[in-house]
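Below are structures written as structure tokens.
Below are two complexes that have subunit A in common, paired first with subunit B and then with subunit C.
Up next is the complex of A and B:
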């Protein structure tokens, strides 16, 4: 090593004199060469650094001025300005909001920042009276730095709390599912838990879709019909001091369910407070022995399999003994009855004989075709499967003829009834709105002829049979009554019944099916003590039709015009059709 | 400051020989850093429940110390720098090893040693001292027959990187590796081995991606931002966009209210939001100037040790700035690394004073070649 040269920092050096760098010690050989290498490579390194700094400069211009990060910003902006709502809305077929997600403020405190907890607690309770001052004070004097005071405040409450001006109180935004129509569509829409996961109804059935999409989900439900149907069913429940009831309206051409009611119901905004009884969806989860309304399918079966015709007759003079029971008629005519009369008077004896004529195989085949023996599918998880006899013996066949010994849900009832009257096409029942004017193909299960005959028979029931109280002038309602005795313990109870009416209108060109069932009605003065479907379930269907038809643009027609008489009226018998009290 | 040309005092001689333009650039960075710490750190301190001026006070307490170190070190001759670096390196390595027994664990890494009122991060001091020590080894190898300098350099490198990975402090290991490799490159490493080294570096990064879960997640998030939490860098990008050309004004930014590391790793985003594009370009230019100006002076330098040592120090300084700024701008996966002189960080600030002090000392005008 060489000693340091004092020349190094020569103060006498003229300012612009730059001695040659290597002048003092010219280097030779490898040392010089390696220095040159290092200089060359230093230039390479410098070049790389220059590029990197240039890249950063360009990126800076790109991000700040040219908005190169715009896509990212757009993403973030969306989450900021339009708060990320984790669940899509649910609307009815006309776009009326049934469920939405709101951001609500929740109040929390940082006790370390609350200067005067006593005063703060007193003030907070003065604007949020449902809180207890003692509890609030305890929270505010805890040594935590985060305590919830109240979740989900209204904007008004938030304003009040802010106006108190207490330091240390803050709001956290939380999501809350809100059901503006409350009870009206409770069983259809369902509800979510605190974590916004669907627990019932469409909220549960379409949970994934609601999570994934932004656009609202449009249901087939019409909230106006919900109101009408619920109103009428509730009226019957009140009048007959019944345990509950249910109602369904569907479009027979498409399978869309326009209305679904199960009473008692609940407010999905406060589902936690509802009883299991109220949450239970009778229309889809409940399965019942439907009673005489099942004769729709029994008769359709006989006609479609051609084991009976519209002019065939059966002897209904004597009750039929099976085992220790005997099958009676509720309105005994004690004579030969034609097929239309059997349906009109709801003759059990005649129905059983029709079923016996057809045999077990044909009965099971037709009921299967109508979808009554399998689990129905719908956009709900609250779906009950049918209870069918196994093995299917003759005795089962006989009771099924008049709707006992086999249980189905009201949902299955209206879907199968739709197929019977719409020309024999079974549609998939759905709670989602189809596009306008879209008629799904469906599955042909009965002949056109059977369907046309069944329309006449159902019209006959309302015109001069057990369902007269369902009549609504001009709307050509047809239908069938059914008063099913409920099984209590091991035997049937005459006093506990499920009174149902399935109505279809207008019968000359069926559009809608309306079903109402009242569970365990008690007789009243108006009904002269009767609890049969003709008194309990038929009248509200008539009223529902009268109220809904104008909304849906169905015009009343002249029932006595020749073409309608031709299309619908049949001569039910050689005998004079005697009037019967409604069954 | 003015000194007569005839003034022969130590300081006067320093003034006339030191690179005053680099000095000015560094002083500007320190000034901008002070401004940004004032703007960014109160929000951060408040959020984590400290006194508002907690970070600012510490920064301003350490700043004079750092500047003092920088000044005193830059007065030294290259020979003294080498001695200082050797002694400093030995102490720093010892402290680094000590962290494994007496260190404080913060956020899952044992990097700190608790001193009264201050926690010291020894690895920050390993960086500059090792650069100078390695430069010495490399230049000895070139300048002397039969020297095994390269092998010593390789041995020390393995020791240092081993300790850093053990910490774990992967970012630091990457910077140390890059600096060491650049020095080796400048020292005349055969191009075959250069290619092999670049390949090994790439393999190392891929290996880290495969072997270390937190590295995997960082890189995945960078490649597919929608796949995971890209919160920090999203906020950072918002900040730059928010700032636009002229910024929202010092103290007027909002990003510091959201970013946990607004005063440290994401200080550049605060600069982007509050000072705007022009100021950010000035900051980038200042860093580039310090590095490239240093390099250009080294091209006139005849002493291989000085070239290698100063290059190492400048590369370290520049690389750290590039990595930090590129992370903030989403040009690369986020890597916790301070922006020299701008970020808060006690050890980092002191080590920078040491490192840049040595760089300034080495780039002073001298009129001798050969070994000093």
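Up next is the complex of A and C:
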């Protein structure tokens, strides 16, 4: 009993259990060695497992606590949602889409997989009626393994073809540049070639930027104004059976071009079919002798260089002979005229005398300051440089006074006109929208006083001068007409003219400049056979202003209110002129 | 003792194993959903892109002009249709004024005399037998 005592100290041990009376085996020789080997192996294995679990544990902590894997995951999630575009969109100043890139499916076939070419061809032509069954059959029976059937299908056509369930037909996605507004902004936006390279307009001028960026490029033009301007210019071209026409609208405070039209135009979605004449941009690439609208700059020059004042007068009784030509007036008054009268009646004789008084140097200097003698810059590649006389002789000086002998583009015209009326600040013309309320610093080229006088003179032309048909009640339009005889061969053609009107409104605080030119109009009954700018180009400017002013938030004002009369009305009567002459 | 810890460990391993597979399946499900959502976002964005182009095409100003001429009686805003807020007639000082006036004078003559704004109110009423009282009441309601 005594020997069993130590085994019995567990009271729970069953009574019947008797441990075998054995002692530990004596360890010696090979048995001991093998036990030690396995012991070491066990430790090494356990160590390896420990390391593995440790690595897993560290990684677990890294993933869960330190979030090591999250960035990669988030990146995959983001890239999936980005739409792939290889060329940025172009939108107008209000965000209206003008050009975008769409992925369109193109249909191709593997003729070796088409089981029944006759039936397949018949079915394909039934959903794509513009294909010819014979051609499709010829393609499907050829021994090539890849033939294009039709490029650039609409989603609807793709659905129809898919529904046919013909084996061997497949689609490939191709990118296509689309211009939803068609002709409306053709010359501004331009177009691209088949390889997505810009070939005209902003597409060409800003090709690199369009490739690089993702956000749309915001132009300064307003598609609503494009429509209004195009509508009115087209109306005049039809009415006067003209060869073409041009229209421009710009913001005189910022230099932004709000609208640019050149007619005839083209559909950029199908630019390949357009004639070179339609693709030609008259507003920027065309340079013309502008005729009497140049008197804006001639008069501004005389007033700014102080070689004439608002009360000076010149003798316009007799035509001026130069060489074999004579300079005469289209609306002859045959008397002394004041500076305002010269402008009002568009007197060539008076203008020439004003230019002679100022001299060649001052004339060239002011025209240069207004940017008319250098190449203009714009976001387009289709830019025409001015044609200026070289050398600049007195006879050139005399003809430039009334807008002949020097050619500039309409773009230069409106930019310089803006500077004349906006207080004398020349802005860089641009087709890109400025941020709201941003007025870029311009270059001061004329005095404030000159600008204010020019506003009065331009208002006078519309109130009771050659531009009366441009009047739109309440909007205080001012402007200048210009009927330029076109050069044909070596001489001027009397019957082929470029009739232009440049208008600014509201004249008490100029905001917008509108210019319309009609190329080679023919007289009609409504105009009593006249083809002068007053009949051809002035009325559409008035109509454009009437239609655009409510859109741009310009309030009509009472033209006869005292403050407006004071600001804009001048006494143009010849009384003072004659007095000066007598002195 | 050894047995109890073993059972605990086995239970723990079972739990962790179950939990791990549960999480794995959930993650798989979420990944599938993410892929699905991403795909639908991509296709929606593509659709928006196409629809934007179509919207721009359908809102061509010349098309809108034609549709307006065909289906609507609206024209361009003319000069007389634009006015200043100052140009509007002032509302009457007290809304009770027309009602008081109705007791003494026939409303047909009195109501237009008050202000131009309520003057249009009786004219806008459908023609028919109406007592003077109701007419003034409508005029009063409109001025209020």
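By definition in this document, the second predicted complex is superposed on the first by the 490 of 583 C-alpha atoms of A that agree within 3 Å, B and C clash if a C-alpha of one lies under 4 Å from a C-alpha of the other, contacts with A are read in each partner's own complex, and residues count from 1 in each chain.
By our rule, a contact is a pair of C-beta atoms (placed from the backbone, for glycine too) under 8 Å apart; a residue touches a chain by one contact, two chains touch by 3 or more.
Bear in mind that the values here come from a model prediction, so they are computed numbers and not experimental data.
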Examine A:50 and indicate which partner it touches, taking first as subunit B and second as subunit C; both and neither are also allowed.
first
Figure out whether A:96 sits in contact with subunit B (first) or subunit C (second), or with both, or with neither.
second
Please work out whether A:550 is in contact with subunit B alone, subunit C alone, both, or neither, and reply first, second, both or neither.
second
Under the stated touch criterion, which partner chain does A:61 make contact with: subunit B (first), subunit C (second), both, or neither?
first
If you stack the two complexes on chain A, which partner ends up touching A:39: first (subunit B), second (subunit C), both, or neither?
first
Could you say whether A:155 touches subunit B, subunit C, both of them, or neither, answering first, second, both or neither?
second
Given the superposition on chain A, which partner contacts more residues in subunit A: subunit B or subunit C?
B
Does the superposition put A:145 against subunit B (first), subunit C (second), both, or neither?
first
Could you look at A:322 and tell me whether it touches subunit B, subunit C, both or neither (first, second, both, neither)?
neither
I'd like to check the shared interface: which positions of subunit A are touched by both subunit B and subunit C across the two complexes?
none
Which part of subunit A faces subunit B closely enough to touch in the complex?
1-2, 4-5, 7-11, 19, 21-25, 27, 30-31, 34-35, 37-39, 41-43, 45-46, 49-50, 52-53, 55-57, 59-61, 63-65, 67, 69-70, 72-73, 75-76, 145
Can you name the residues of subunit A that touch subunit C in the complex?
77, 80-81, 83, 96-98, 100, 102-103, 155, 178, 180-182, 184, 223-224, 226-227, 231, 472-474, 546-547, 550, 555-556
Spell out the part of subunit C that touches subunit A in their complex, as residue ranges.
34, 38-39, 41-42, 45-46, 49-50, 52-57, 59-62, 65, 76-77, 79, 82, 84
In their complex, what parts of subunit B are in touch with subunit A?
5-8, 13, 16-17, 49, 77, 79, 142-143, 182, 185-188, 225, 234, 237-238, 240-241, 243-245, 272, 276-277, 280-281, 284-285, 287-288, 291-292, 295-296, 298-302, 304, 307-308, 311, 315, 318, 322, 325-326, 329-331, 365-372
